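Chains: A, B and C, in written order; residue numbering restarts at 1 for each.
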Amino acid sequence: MQMSPATASFESPPIDTVGVEERVARLCSRSIKKDAKLQALHLTLSMIDLTTLEGADSEGKVRQLCAKALQLHAALPDLPHVAAVCVYPALVGVAKRALEGSGINVASVATSFPAGQAPIEIKLLEVRKAVEAGADEVDMVISRGRCLAGDFAYSADEIASVKEACGEAHLKVILETGELGTLDAVRRASDLAMRSGADFIKTSTGKIKPAATMPVVLVMLEAIRDHYLRTGEKIGMKPAGGISTAKDAIRHLVMVRETLGQDWLDPDLYRFGASSLANDVLRQIVKQRSGIYQSFDDFSL
Amino acid sequence: MSEQRPAAAADRLPVLKTHKVYVGGKFPRSESGRLDRALAPDGTPIANICRCSRKDVRDAVTAARAAQAGWAARTAYNRGQILYRIAEMLEGRSGQFEALLAAGGTTPDQAAAEVQTATDRLLHYAGWTDKFQQVFSSVNPVATSHFNFSILEPMGLVGVLAPESPLLGLVSSIAPAIAGGNTTVVLVTGSQPLPATTFGEVLNSSDVPGGVVNILTGRRDEMLAPLAAHRDVDALLLCSPDPGIARSAEIEAVHNLKRVAVRPHDDWKNIQSPYEITDLQEVKTTWHPIGS
Amino acid sequence: MTNSTPSTGLKAPKLRLGIRDGSDDGWGYAPAPESTDHVELRDRYGLFIDGDFTDAADGRTFETANPATEEKIADVALAGDADVDRAVAAARRAYDEVWSQLAPRERGKYVYRIARVLQERGRELAITESLDGGKPIRESRDVDIPLAAAHFFYYAGWADKLDYAFPGRGARALGVAGQVIPWNFPLLMAAWKIAPAIAAGNTVVLKPAETTPLTALKLAEIIRDAGVPPGVVNIVTGAGETGAAVVQHEDVDKVAFTGSTEVGKLIRRALAGSDKHYTLELGGKAANLVFEDAAVDQAVEGIVNGIFFNQGHVCCAGSRLLVQESVADEVISKLKDRMETLIVGDPLDKNTDIGAINSRAQLDKIEEYLEIGEAEGAEPFQTSCPVPERGYWCRPTLFLQASQSHRVVQEEIFGPVLAVQTFRTVDEGIAMANNTPYGLSGGVWSDKGAKAFRVTSRIRAGVLWANTYNKFDPTAPFGGYKESGIGREGGLAGLHAYLRPEAAA
């Protein structure tokens, strides 16, 4: 395999796990109240990629998800809409039709999600098919095995090829951090993905635990920041998996605010990959506005 | 002392010994050129010794400082071997030291016993060099994800006011200091300085690096204050039963907050323990994260 | 002061990181003040002597104020010589008649009780600490109070194990300890002093700092309520003269002082020739060395923790940053960015990172050093964070291009002011780190273990943090080399400071 220019001579900085955990703990001690909290909750909704990635997904289920994306809570018509609906390639067309004209993007996983264990030709074909079907965004998985084995050139080339296959569609690169094992590996994979053409880097498939832990996300945000400082290029971030409460989401926003700054508090640069987060955020918004805690059954699935 | 007395055989004049100081591994005279007489108990002069000046103190501190990092960096095993070597040399010269002690008024039996105890004491501390750290350091179970340990490090440069006890006291004050990696400037101001100057020769023939032990003879009121006030001296070991002496030295020591250990003993026979070493050690605590 | 231009080599526009109330038009954190409900503060506090609170013999008092508002909180009794005499006499009597007669296990139980009540009343103590001293509630809540409780808990367990303190030897308490503590960690310092002392079987007379007496007096209430026999702990409030009376009292067997090197030397001089035991925890000017192979983001965080923790009112603060040339631009640039996210202001706000400077006098001293640094030619940098109008505040500050000969490099400022220098080789970095009369602490940042331990072993200081900074634990001995002090507190070494070895047990 040819050496990709993206991997020619770069070194990722070392990461000290304990230091990262301490920084996260300190960020988690921020206390977000009142207006700041409400603002954060609205922002969170606008950043959600409403996701369904099950073998049992049906056209009906995807249409229902799209309806939810269009109208999160009938009682609160002034809420922002979510950023995207994320589905398997086979259901991209359904979602695209349901969301037409809404400004909500359709994201498709591809490249033999979630394991990525397929020949490159098949992965690229899958990407092209998803884009043809209308996907605005493609969420690919990296070949973790190659990365762990130290074959960064392979991964770099694979990402570059997928990027090419995406055409106009935005590329999110899933590192599957739960399989990378160390924060050093997370940092290395983040740098690799950004240098190889990722528009977003994303923690996880949602199929593996641990997923989007705060230390992992912080290391990825710092990689994005360093990439920006070096190149001026703003790469987006998408934590996915395990963020299910409004409190978690606000902690993530604090982390973004203090690592990358205000510019990244934007759905164009930050997304939450989540299925149950939206309803907890809605519950909190209603509580902030009305003072009364809601039942989860007050919100649609 | 034998070398000062008329020769037993009329046909040979004895060679008289000049007692010089021991600084930086060499045997210079005092820069001041001044001399004092060492006296026998009956007041008879038995030898000339150097009467060192404050400049001699300064030079000795320079030598001790230059030697300190290297001495502390020796392995504990190596320092132990060198202390053992001192014991070997002292054993080999036991007759000479017995004679020196006897000339100072000690009975022959006591002199022999003192030389033996001094030799054994060196051996005792030779054995501690690679053990006191194990006994007195600690791993501290902190409540965060850190590996935390406290070790002993030598205080550095120790100024020693040597005790009156001319050999056993001298050895008992120097040995624990150097066993722990310190270097020393030793002020010999007692009534019997000759065992100390001769002990310098033992040190010099024992693989002790120059500057680790520096031995000055002279008067306490001239040498102690400059040593105690010297800002490049880290600690003082004051072997004197006189609280006034300790007090005045301690006041001078405040300049750079020297650590001060006072040994008021007259009898050094049982003054032997690892605490003699640890009293001249600092505790250093190091933290390091445990992560991946 | 103005922001310096961004470091070279970086192409991107500045990150928008200012947080407080959206100072850069972004999402900002609303104020989140800790509620002071249920914290009872009296208008007047007395001396705690022989188990009771009393006025000073001559009725004198002084005021303690909130440095964030400059408003008076309470009048506090000012102990004179007669009061100190009474306190020492009570401590002596308690030592002779009660505390030294008590079974060690029972003694330990009292100390455990104190630890427990400190935990229970943690919130109230944290708020009081922040009100009286100006430190952010995040730190008093998460650091000061839990660590204070942990010290009592740790030393409580030693009470019946003193035979294991000195290998080959027995151990005996010293008697009455006279203790003087500073204003930077009021309750924590009280715990560092009292816990090992009484667990080892001594009784104490403690003098808290003039500007921060309240938590020590609340501790006195806790000690009384825990049923600790009268006289075992006595707390006398006042200023320097009261402290001098405590440490110079002839019936005190042990002196423990934490404070400035200047005062420490006066105390040491006064102790010359006596057989009193003493420990001195004094000033520092610690170097925090960042090597080119360091984990940079964690190092930046460590630099921030090193100097901006507790407004820089920390004797072991990493107040000198020594950064290897090849990474200096990156480290300094990232440090400036990180500093932009530090929130200065109301100590009771849960989001405050840097609270109020402890007193007008301390603020004056810091501001004098800010002028000195500029006059010496160091390049100042301060963040743009807004600060309240009333109260004593200092924005986090760097002095770039500082030199070894500068006073801002040589002298302890005791504020949120960091002198920044660069070095080229490992040996040069070590030499610069050691080129100071102080020797309390130091920091080393390197991903290479061998290098980190080489450097920690060559820095002449009592506490070395490798890839971390400003960590404290009751089990870990703390104290200085050189002019940073004599003796250790914490851990077994800290227990030794309150015991004398005896012939074999």
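Details
Assume contacts are C-beta pairs under 8 Å (C-beta built on N, C-alpha and C of every residue); 3 or more make two chains touch, one makes a residue touch a chain.
Treat the numbers as computed from the prediction; the structure is a model and nothing was measured.
The central chain of the assembly on a C-alpha centroid basis is C.
The pair with more inter-chain C-beta contacts, choosing from A-C and A-B, is A-C. Chain B and chain C have Cα centroids separated by 39 Å. For the pair chain A and chain C, the distance between mean C-alpha positions equals 43 Å.
One inter-chain figure worth recording: chain A and chain B are separated by 70 Å, centre to centre, where each centre is the mean of the chain's CA atoms.
Each of residues 144, 146, 289 in chain B touches at least two other chains. Of all residues in chain A, those that touch two or more other chains are 16, 18-19.
Multi-chain contact residues of chain C (touching two or more other chains): 467-468.
Taken in their complex, chain C has these residues touching chain B: 150, 166-169, 261, 264-265, 268-269, 271-273, 280, 282, 437, 452-453, 456-457, 460-468, 471, 473, 475-479, 481-483, 485-486, 488, 491-493, 501.
The part of chain B that touches chain C in the complex is made up of residues 135-136, 138, 140-144, 146, 148, 150, 153, 156, 234, 243-244, 246-248, 250-251, 253-254, 256-257, 259, 273-275, 282-289.
Residue ranges of chain A in contact with chain C, taken from their complex: 13-16, 18-20, 22-23, 29-37, 39-40, 43, 222, 225, 228-232, 253, 257-258, 260-263, 265. Only residues 10-13, 15-17, 19, 24-32, 138, 142, 293-299, 301-302, 333, 341, 350-351, 447, 467-468 of chain C touch chain A when the two sit together in their complex.
By the touch criterion stated above, chain A contacts chain B in their complex at residues 16-19, 21, 182-184.
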